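First subunit A sits with subunit B, and in the next complex the same chain sits with subunit C.
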Partner chain A sequence: MSDLNTQAVAKYRNNFLKEVEACVEEGDWVKMCMQCGVCSGSCPFGPHWDHPPQELFMMIRAGKREEVLTSSSMWMCTSCYNCIVRCPREIPITHIMHGLANYAHRLGLAPKNQPTRHFSGLFWNNIIKTGRVNELKLSLGLYFRDGLVSGIKVGMAMASVGIGMVLAKRLNPIELIKPHGCKDTKGIHAMLKKAREIEDRRKGLTAA
Partner chain B sequence: MADQKIAAYVCQGCGLGERLDTKALAQIAKTDGKAHLIREHEFLCNADGVATIQKDIDEGVTHIAIAACSRRSKTEAFYFPTVAMSRANLREGVIWVRPEGDEHQETTQEMAQDYVRMACAEAKKLVQPMGNTDVACDATVLVVGGGITGMTAALEASKTGYKVILVEKAAQLGGWAGKLWKRVPFKEPFADPADTGVEAMITAIAADGNIKVYLNATIAKTDGAPGRFMIDIATESGSVAQEHVGSIVQASGFTLYDMNKLPELGGGKSPHVVDQAGLEALAKAANGGAIKRADGSAVNTVVFVQCAGQRDDTGKHLSYCSGTCCNTSIKQAMYFKDQNPDVDTVVIFDDLRTPGNGEDFYRSAQKKGVTFTKGKVSSVEANGSGLKVVFNDLILGDQNATIENADLVVLATGQVPNSGVNIDPSKLEEETESVAEFKQISILNLSYRQGPDVPQLKQGFVDSHFICFPYESRRTGIYPAGPVRRPMDIAQATEDATGATMKAIQAIENAAVGRAAHPRSGDLSFPIVRIEGCTQCKRCTVECPFGAIDEDEKRYPVFNESRCRRCGTCMGACPVRVISFENYSVDSVGSQIKAVDMPDEFQEKPRILILACENDAYPALDMAGMNHNNYSAYVRIIPVRCLGSVNLIWVTDALNSGYDGVMMMGCKHGDNYQCHFVKGSEIASQRLSKVDETLKSLNLEPERVQNFEVAITDIERVPQLINDYAAKIQEIGMSPFKF
Partner chain C sequence: MATKEYAFYPGCSSQPGASASNYLTSVNSMCKTLDIKLTEIPDWNCCGASIGYAEGGELPRHAMNARNLAMAERELPGQKVVATCAACWLSARETKERLDHNSTMRADANEALKEAGLEYQGKAEVMHMVEVLIEDFGYDELKKHVVKPLEGIKFAGYVGCQTNRPFGIDGESFENPVYLDKLVETMGGEAVAYDQKVTCCGGALAFSEPEKSQKQIKDIVESAYDHGAEMIVTPCPLCQANVEIYQGAVNKRYGTKFNIPVLYYSQLMTLAYGGSAKEAGLDGHIIKAPKLEAFAAKK
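Moving on to the complex of A and B:
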């Protein structure tokens, strides 16, 4: 358990709904769900989730903290927004899914090898470095996710695409060595730091 | 009737002139119909045609037969209230249901000629009713029950200028609503519990000079009929007050289903398991402060169990949904949340049903933090000083979801109507014992021959057709309103009371002039009995769907005309045929049956008699005509007030005079009946079930008389039924009784 998690458990004890309302983006909407199931029926990934949104909301209300936060379900959301459009209670379900995922990640409870979580991490670390996405590094990072051998294999398979993109000037191999950033990288970093501070203050989280 | 002067009018409009030989029809009216005066007119319902008829009437015509369109059309044009009138339906009944062409012309013309004969025959037997002179008018409304429904009815009637007697069995007005801390909101924004308004109503009633209130009083006896009810009111002191009223609104309300019958949910086992009334009492005791348990301890967690003893398919409890308890539980959960948001309130529901604007109220409760859990509670048990609630969580699929530490459990038991004694013994066995228990004490103590209370339909609720004619009961002049009619909340009961009051006022005004109430509104005819012919068989007094007929000490029937709805079921029942109406009698229909020209056996032209209910089957036949859905030319249709008014002599007469088949078309009967006279079609089918033996004794096939259930929407089906039946008759062959 991370420090943050211990802290959250101590603070909210058994009332997980209150914790979600305070710490999860748009979490105060969870209590408004009327269990109609339209979101679950509308989700294109519905059959592949352990718990569709309607069920996650019920689990939150039933205080099933561990089960919700370690679940891979909210990581399955593809942001198609079908559920938001259809929800008769106008609950921002997609945002809550991302909020839950983010909260579980910060508490260190999110499932370790969940592909979406892995990619999200790669993307985030990639973009905050220079303020720009370095596509070459991002895709190579993804190739080597499962180790060196499989990375080389995937790289070989994709080689012709890469060469084509270089010829079409859509890809610059020099980026691998000398990535180009935005004009004010320092400013970006300062901005992100401030944003996190504000968020933590709002959610009442002190540790970073 | 020496001074009868009959005029027959044959219309040539709407294509009648082109399709039919109207000259021949006029000739038939003269030779067969024996009309004294015959006129053809090219457009009878226009101003000139109507003026022609009126002129003839002014010159001494007493009976008119109009051969034109259906009796249901052009009723404004053909309105001659001073003479008896019959109509031959040549348009909807003949030319619109028959295909054109020479090969059909002969049978179509025969059809029209028979209808002209029938109309002339009928006209002769009619007397224009002048209304019952035995009328009385006590323009006072009796309201039984002083709850929201009763108080609303009293105030509404008083506002309209009628006097009101309000009888309440408790010591104060208010009923259930008076026991509530707050009510479910009925105005925008539907967010918070609202004041009940009972106090204001009680004050208004006290200040109203038109309303006389009896508290601690019950109805000891109800005697009489609309316009002249005599009520004995038993008061607290033991004395009996007598009041004369014109009509009655029965607002006797409901009783909560007894939670002691739900021991598995802790009902009656723990003082901390209460029903919704119990919680209202705790809330009233708290008077806006924190609601405490009966032992005075604080409540931190309260669980509301919805559908407790309701929507039960095992037959042990109520099978229906009361439709009010969800909103009530939401309201009661708010009592806690509004006072202290930290109290945990959980509503365990199966389907949350929030009629009216309850959806906004539900949303408001969610915003306030009331937890709603979809599940079915299996047990409530004591757990230390608190209660353990075990339920099947229907979303998470957890059979044994548990709330360990509830301080208070509220059971949402349903509404059981206070409808008095179930006077229909055939229904009694179907009822579960638990429901029947509430029905021991009569509410109205009617002195009617058929029993002391208003008949019930299902589950003890008073019988009233909820779509076609709400508020109507099977006792004319007595209008049930509020939860005695069906489960309802305060807002619905208020509306219901207003509607029932309107009907009660209508009943008074109708009774004052001897007019019929719904569905033959405005009919001035009434049953006339030739008492010297009566054999005291009691069929009429037993079968009358409206309990209009009592018995005197010599067991002769006593007709209470203002209780009567003019369905004619008594006329159909009477084996010696001594009951008739001035404008509808055994003779008026019988002579139409006999007026039809019967072709001999060798012409291969069968004749089929159709007796069609004027409320559903006849309009369906008319509409089939409007849609030009063709049917056989061998049928002759006679509308009847209700299939219940069909006297079996008509069937026997028809068969004896050579008809090849008889179709009876009435409304659906049984639990979801559509009969406008409730029992008429059912009684007819019972009578008809005994016809088979008669047919056998006549050596006739049972198919020659058949009963059909027809709804007003059966526009496509009715012609099909007729054609199928005609084909069947062709198959069986001609009747051997032709001359």
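Moving on to the complex of A and C:
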């Protein structure tokens, strides 16, 4: 992964804005930001972001590559789309936040223990296995991220919720052995492999 | 023949034994009354939701949604695709918008889809079930089927994020959408005015950032109580789950005594249309709604 990072640094040198425009989802919108700050004030988790969106946009333009890509900020996006609908320039901010997080993750620069980074990866790997979400495995994967002991502890704390869900027939223990899924998982896997290949080529995420 | 037919995208959470299985139960009952025929898109897959971005990137997520749309185009030609889940609807619509307006993205998605033997042509329209109700039926038509109005029951219509932004329901404002209130009133219930109607519940971050999300949930529930609501009603499976199941955790964290039922619009409609508690999926709640159970039992 760090090879990809070295490669990107060499390619774009000091022009981080150009790099974001080429490699980040909807990145070519960044230069449209006029620094009004409505996005930052509209974000539900805004107070927890080290750098709210408008600040990230200015940092990108100022070439603060490492500060941006190692930031935990964009990982706190809840995908509520409040920033998008309020932005006077109609910048697709939510998508840019996802794009920055994805790019940082792929380059190996995203903060290692960021909980949403972990959950996001867990979720994707969960759904592509059978083509559909396995809610039970997803919850268990989350509880046990810090090992067995802590997993049992979190699991116990959440037990009343879990039992309630099972009783309400909204969580099925059978999912562990006989999960829901698509028939054509082979086709889905081949499709996703190809999609990733194309995306990596377009975004320069393949080793030279 | 049914009045209206749609290609149905139920989504992962609506499957039997999944977190919104009772949503589907009530949607099926509601559709029976309205004579809507829903045909599942064969072998549909997960939309990737918003949270899949770290590993899923851009094109792989669009490919997932394009697969569903391509399958609907091929197997259920001429039918609109309807989703009941906010995230499924949003993701499918986002993909449609991107592929219909960006020829490179569309060519790339089709190159990937070819591996699964499919092609996206952009023929199928994508709707949320609420859009079907409002745009293809309309409040007057929906009201005609009411046999038991939900008189005297006060609901806080919790619209949340993803059925509201960025697409929303045609003609509605992002800051104060009124369609859910209107649906409640159409069913004879009372919609209370409160200030957390479009507040985010934390979404998928309820799992990864529980503390921050539970603050959101607390604000929503508190406001609903403060404005006299007896129950909360929502069109989104994740809003429903988050706001219902974490009330216990919120109580522990904040010393509150929250215990407010959180329902789907389709459950209210099923009951107002004369359906039983079972047909409305009332058995699928952790926080029960005894008032509605009694209402359903009443002849």
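Everything that follows uses one rule, which is that the second predicted complex is superposed on the first by the 190 of 208 C-alpha atoms of A that agree within 3 Å, B and C clash if a C-alpha of one lies under 4 Å from a C-alpha of the other, contacts with A are read in each partner's own complex, and residues count from 1 in each chain.
Quick note on the criterion: contacts are C-beta pairs under 8 Å (C-beta built on N, C-alpha and C of every residue); 3 or more make two chains touch, one makes a residue touch a chain.
Computed from a predicted model, the values in this text were never measured in an experiment.
Peer 1: Go through the superposed model and pick first if A:Ala62 touches only subunit B, second if only subunit C, both, or neither.
Peer 2: In the superposition, A:Ala62 contacts subunit B only.
Peer 1: Which partner does A:Leu176 reach: the first (subunit B), the second (subunit C), both, or neither?
Peer 2: neither
Peer 1: Considering only touches as defined above, state whether A:Leu142 meets subunit B (first), subunit C (second), both or neither.
Peer 2: second
Peer 1: Which partner, once the models are overlaid, touches more of subunit A's residues, subunit C or subunit B?
Peer 2: Counting contacted residues of subunit A, the larger count belongs to C.
Peer 1: According to the stated criteria, A:Ala159 is in contact with first (subunit B), second (subunit C), both, or neither; which is it?
Peer 2: The answer is neither, since A:Ala159 touches no partner chain.
Peer 1: On the A-aligned overlay, A:Trp124 touches which partner chain: subunit B = first, subunit C = second, or both, or neither?
Peer 2: second
Peer 1: Once the shared chain is lined up, is A:Gln54 touching subunit B (first), subunit C (second), both, or neither of them?
Peer 2: first
Peer 1: What part of subunit A is shared between its subunit B contacts and its subunit C contacts?
Peer 2: Overlap of subunit B and subunit C footprints on subunit A: empty.
Peer 1: Per the contact definition, I'd like the list of subunit B residues that touch subunit A in the complex.
Peer 2: 352, 362-363, 366-367, 369, 371-374, 393, 395-396, 401
Peer 1: Using the touch rule from the top, collect the residues of subunit A that touch subunit C in their complex.
Peer 2: Per the touch definition, subunit A meets subunit C at residues 25, 44-45, 48, 76, 78-82, 84-86, 94, 98-99, 101-102, 105-106, 110, 115-121, 123-125, 127, 131-133, 135, 139, 142, 160-161, 164-165, 167-172, 174-175, 180, 182-184, 187-188, 190-196, 198-199, 202.
Peer 1: In their shared complex, at which residues does subunit A touch subunit B?
Peer 2: 17, 31-32, 34-35, 54-55, 58-59, 61-62, 64, 89
Peer 1: So in the complex, which bits of subunit C are touching subunit A?
Peer 2: Checking each residue of subunit C against subunit A gives 12-13, 15-22, 43-46, 48-60, 62-64, 67, 108-109, 111-117, 161-162, 165-166, 174, 199-200, 202-205, 207-209, 212-213, 216, 245-246, 248-249, 283-286.
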